[in-house]
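Each of the next two complexes has chain A plus one more chain, namely chain B in the first and chain C in the second.
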Partner chain A sequence: MGRKPGSPKEKAAVAGRFARLWQWTAWPSSLSHRNRLCLAGVFFVVPALIHLVVFKFYPLLEAFRLSFYRYDLMSPPTFAGLANYKSLWENPLFHQSFWVSVKYMFGVSIAEWFLALGLALLLNRAMAGRSLIRLAYFFPIAMSQIVVAMVWKFMYHPHGLVNIILEFFGVDRINWLSTEETALPSLIAIGIWRGIPLFGVIYLAGLQAIPKDYYEAAMIDGAGVFQRFIHITIPLLLPTILFVMVISLLSAVKVFLNPLVMTEGGPNGTTRVLPYFIYETGFAYFRMGEAAAASVVLFVLVFGLTLILLRLLRRGDVQ
Partner chain B sequence: MKRYLAARLSFCLVTLLMSTFAFSQKTTIIWWEHSNPPHNNYSKELVADWNAKNPNTPAQYEFFAMTPYFKKLTAALSTRSAADMFTLIDTLMPSYTTKNALAPIRPEWLGYKSLDDMKAHYVPGALDGYIYQGKLYAVPVVASVFSLYINAKHFREAGLDPEKDYPRTWEDIGRIGKKLVKMKGNKMDREAFDFAMHSSTWTMWYFNALIRQYGGEILDASGKKCTANSNAGVSAMKARAMFVLDYKISDPTVSVGTNALPADDLPKERISMFITHAGSVAQFGPEVMKDMKVVPFPQVNPQKPVTPIYGFAIAVNPQIPEAKQKLVHDLIKHVTKDPKGWYEKTSYPYPSKNFLELPGIGEARKTRYLDVFMTDITNGRFIQRSPQILEINGAIHRAMERVVLGGENPKKSLDQACKEINAALAR
Partner chain C sequence: MNTKAWLRWGGWGITLLTILGIGVTLLPYFWMVSSSLKTGAEVFELPIRWIPQEIQWVNYPDALSRGSFGTYFSNSFIVAVAVTASNVLFCSLAGYGLAKFRFPFRDLSFQLILCTLMLPLEIVLVPTFLVVQQFGMVNSYGGLIVPLAVDAFGIFLMRQFIRDLPDSLIEAARLDGCSEFGIFWRIILPNCKPALGALALLSFRDNWDQFLWPFVVAASDALKTFPLGLAQMEGIDSAAYHEIMALAVMGMVPMAILFLCFQRAFVRGIALSGLKE
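Here is the complex of A and B:
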């Protein structure tokens, strides 16, 4: 219902407004090609950046801030300085959890590095039903983690499948999850079983990227299987190996669900990993500040480990 | 005027749409509970009935596995995202009431004249565990107790009469258990008796009753100091471990492995005697219960009985507006209106005063061991109250694991537990 411009002056004013609007919407065209590419890149990255800032960096900084406060989840937080860190240092359960985490991390990862590589080498060979086997061994990783934990819990029961099989072979019943000696190794075994398929696939991709020519040339020169593995496969697979090392250590140190579902940290705290300790301290004992301080310690551990391994990874790349 | 016609029409349309939306908007009440199949099924029935009668204020019912549920509830309350009403276990009351995390219950909104009037409608002491500084913070729906379930078939097979030979004391359990245990080589094929090993809360229920039977307490009267390593505590821990270490009629590793429903070893006939709660009657079902008999909780001295009792009660979220709190009270009134319904569907005695006189309850007293449970409730005491109860439970549980699974000296283990408890109380 707006009035139509009548006079030439009014028409010119409207045209001017349109021109300015056009110029405004087309402003990137005034930029150089390089800058326009940069800008496009920024726009592509913005959603991921927002996700990182909101869901990763902000909680991280907030946890760090909270580690200096006394906070029971319901009353307002009060500043406590380094009291939470002091309390952690004096808490034997924290020390126990820290070492349980370290044992679990290396127990799972080191086995994964070798077993996944062995599996990948096996599956890299021509054999009947190779595709089917590859699909089958990938199943554990496709299963829900909570289902895996529950199934293994039933299997580890003193009257469960694992002991039934052992008893069939004349081996005495083992109390997998209820003795201090076997509980952590039992959880480590599940971690290894679940991790091998993923890392096996990564190794397999790395193996398949190695040109066949190198092996053929080595064979002509008379190199045996072991020599080809040591002098061709390992050096060319080194970046993949280091990548697997980083990822397996990081995923192992963050384990939480299996101890929660299968042992609740027991017996006598021998499976209470650091993430479980943090969860229990924060949400069961209402000491969120102390839980945040333990998270900071876990972060430092993970971050330090990542830095060391990334440095190794970079060296591997150079080589 | 024509040029404003479109704007006026648009305004009227928007106003009409908004008012229609406002009038048709429903106020949903969200209710959270812990997982317990018969209990959850009955709660769902009650919610369906409420929803049929109150279509504009429907209730939405959700339930979660017990241990993560209470952690989820705490996190939800702290982030103002908790349900409007939720069921709580009595042991957690101090943790919540001392942090103002619960809205006071208004007896007058539930149809009572006052809190005293409400108390008069319940079994004496039934509300005490939910009162803090003179105000009621939750309405109980379950009053439960631990009693001893025995497999009568196993008793008969062992030449015992389940009606006469059932154990009255802990020593009786050891003596009778020797006849019930079944070995296969050097491994126990069927346990005679065991305690549940899976959760620190269950450990505390047993241990708190045991230490009281020996005349002690876990905390001193002020609640600021651990006394679990007293002579009474050491005797209690020795009694807790003697079935594994001395009588050798228990294999605690079986109970550790049977999680979620700890009493599950009983219907599966892996065990002949087990201490569990009143709700197990409904959980097992009539077919399993044919072979079972429920007898009173074992004692150190049957002349001075102490049993562990606990309860679940409905609380109101203090973060919701007062009008909605009133609505939640209406739902609580609806949920708690039929004590007999609660009992029949869940097997948990309901703590209302006239409960045993209700029509039809007399039959249950004979057939569903209601009299045994009510006797144990009469001798019952709630777990000692502390805002740090979960840490205390954890320390006692680890102490028990060290003794029962690792064979550690009870005194040394309880000294360690007290060190941990005192540190928690001092924080």
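Here is the complex of A and C:
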């Protein structure tokens, strides 16, 4: 706060502080109250910061560096220039994988944006047994991914519950996870089903933060349900909506377990999302450089999308 | 139709929708429990049998004997507890530092920490593995736990909560001669129990569930976590759905108990994360 980081004044101040830090090690009492507080703050933050530098930022830089090398874990890495990117570009499996990821990401998150908002609006109403109803809807938040993957694989079985229920309505039996057209939509359906309660909770918190007087004032002015929704709920909920958009995209792009244990990326690569592609390239074919290059592409995709949405979030805040 | 009738029908429609939604939400879990208590033949039997004819408790010990599930469960527990403990400690420390102190590059540090939310393990998988390899921690508990030990989300959550605590609380302790760490330990921590509880629960859930990282870093059977064990068993015998479901139920039980006991803390944690700056 206050001074801009990076300005000459700030730099001089930092240098001064380091000098005083040196003094402080010799004569503890010579450190002023303000500087002691400053140092205490740094000490509180540093452990976490070091961890994140070692296990997040350094790996990110390392991914960039490694993407220009050929490396198989056995022999030392050799510089390869843009060869990894070139072979990705020429690899139809990578193109397929990229688009599978994009489809999955938007397929899951766009549905979540609307359905979770619907759930939150539903749960925000006064009704009998509301806390019990909320308990039922929020229960899945606590459930493990692996449990979800197993039970859905079982339900998508050709003789499983999904087909049994559909047969009741006269739909023919489908082999959901082994048919090219249905495998990805099946996984998307699980993603949506799992995400709705989670984002419903976030929306619900946003809805409850809107002051009741706004609605009362609007009702006195004769605004209907729909008008109140458009003119009060949506604008005041906008920051929450954008937050949900960012988080849902980020959590959808990293799906890995479901494609691995339910379809193994198949049939014919139709569910091989980018994280799966990265895993396979790196740890099954030991082409670490190429896997790193694919990671860089995935990072650029995520970073770009987040940046766009955060821009929107800023704008939403200003209004 | 007049407005009153519309409202009544609308109300019924919403009630119906609510019940239908609960059905869709909970049916898979019900089906899982029900199938885990059936015989292998009964699982796919038609017409559909919602409640097993004869409850097959034997599925549970049978399923457990299909792998060293005792080890897998205890590994999951060790990883989840260790990661949760370190998350709670380091995230609350950092959250306090970011919320209540002024030091150079504070806001930049906070922004950088938030940026790591865009760097899930799925993206930095290969280089993180190489870092852990350099530390010689592949195929060890250290390798399973240390890379997950601090999560930016936790720092964000703690900072948001601590920022709303009154400064006077800290000033008073400082005037009384309390050390800076003493203030954190004796004043800050006891005052942010709700946030700590929420963070601990969410962290425990996420790490009870760890799949990708143990999948890459745990080579030996003795280090496998429950999700890995279950996926492995399913890969070997994917027809034994009654036993797979029994294992899934066992994996679900600890989280279900935690959720039912601390439902409010769960919901609060997720809601806190959604509150804007």
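The working rule: the second predicted complex is superposed on the first by the 282 of 319 C-alpha atoms of A that agree within 3 Å, B and C clash if a C-alpha of one lies under 4 Å from a C-alpha of the other, contacts with A are read in each partner's own complex, and residues count from 1 in each chain.
One rule holds for everything that comes next: contacts are C-beta pairs under 8 Å (C-beta built on N, C-alpha and C of every residue); 3 or more make two chains touch, one makes a residue touch a chain.
All of these numbers come straight from a predicted model, not from anything done at the bench.
Undergrad: So, does A:Ser75 touch the first partner chain B, the second partner chain C, both, or neither?
TA: first
Undergrad: Give one of first, second, both or neither to describe whether A:Ala40 is in contact with chain B, with chain C, with both, or with none.
TA: Once the two structures are laid over each other on A, A:Ala40 reaches chain C alone.
Undergrad: Just chain B (first), just chain C (second), both, or neither: which does A:Lys212 touch?
TA: Neither partner.
Undergrad: Residues of chain A touched: more by chain B or chain C?
TA: Higher number of touched chain A residues: C.
Undergrad: Is A:His159 touching the first partner chain B, the second partner chain C, both, or neither of them?
TA: Both: A:His159 reaches chain B and chain C.
Undergrad: Check the residue A:Phe283 against both partner chains and state whether it touches chain B (first), chain C (second), both, or neither.
TA: Both chain B and chain C are touched by A:Phe283.
Undergrad: With the touch criterion stated at the top, can you tell me which chain A residues are shared between the chain B interface and the chain C interface?
TA: 1, 153, 157, 159-160, 260, 279, 283
Undergrad: Considering only the defined contacts, which chain A positions touch chain C in the complex?
TA: Interface residues on chain A, with respect to chain C: 1-2, 5, 10, 13-14, 17, 36-45, 47-49, 51-52, 54-60, 62-63, 66, 119, 122, 125, 127, 133-155, 157, 159-161, 164, 193, 196-198, 201-206, 209, 239-240, 243-244, 250, 253-254, 256-257, 260-261, 275, 278-279, 282-283, 288, 291-292, 295, 298-299, 302-303, 306, 317.
Undergrad: List the residues on chain A that touch chain B in their complex, please.
TA: 1, 72-75, 87, 90-93, 153, 156-160, 172-173, 175-180, 260, 262, 264, 266-269, 279-280, 283-287
Undergrad: Once bound in the complex, which stretches of chain B touch chain A?
TA: That would be residues 2-3, 6, 67-68, 70-71, 74-75, 77-78, 95-96, 99-101, 186-187, 197-200, 251-254, 256-259, 270, 388, 390-391, 394, 397-398, 401-402, 405-406, 420, 423-424, 427 of chain B.
Undergrad: Quick check: in the complex, which residue numbers of chain C touch chain A?
TA: 14-15, 17-18, 21-22, 24-29, 31-32, 35, 44, 46, 48, 90-91, 93-94, 96-98, 100-109, 112-113, 116-131, 146-147, 149-150, 152, 155, 180, 184, 205, 208-209, 211-212, 216, 226-227, 230-231, 234-235, 241, 244-245, 247-248, 251-252, 255-256, 258-259, 263, 266-267, 270-277
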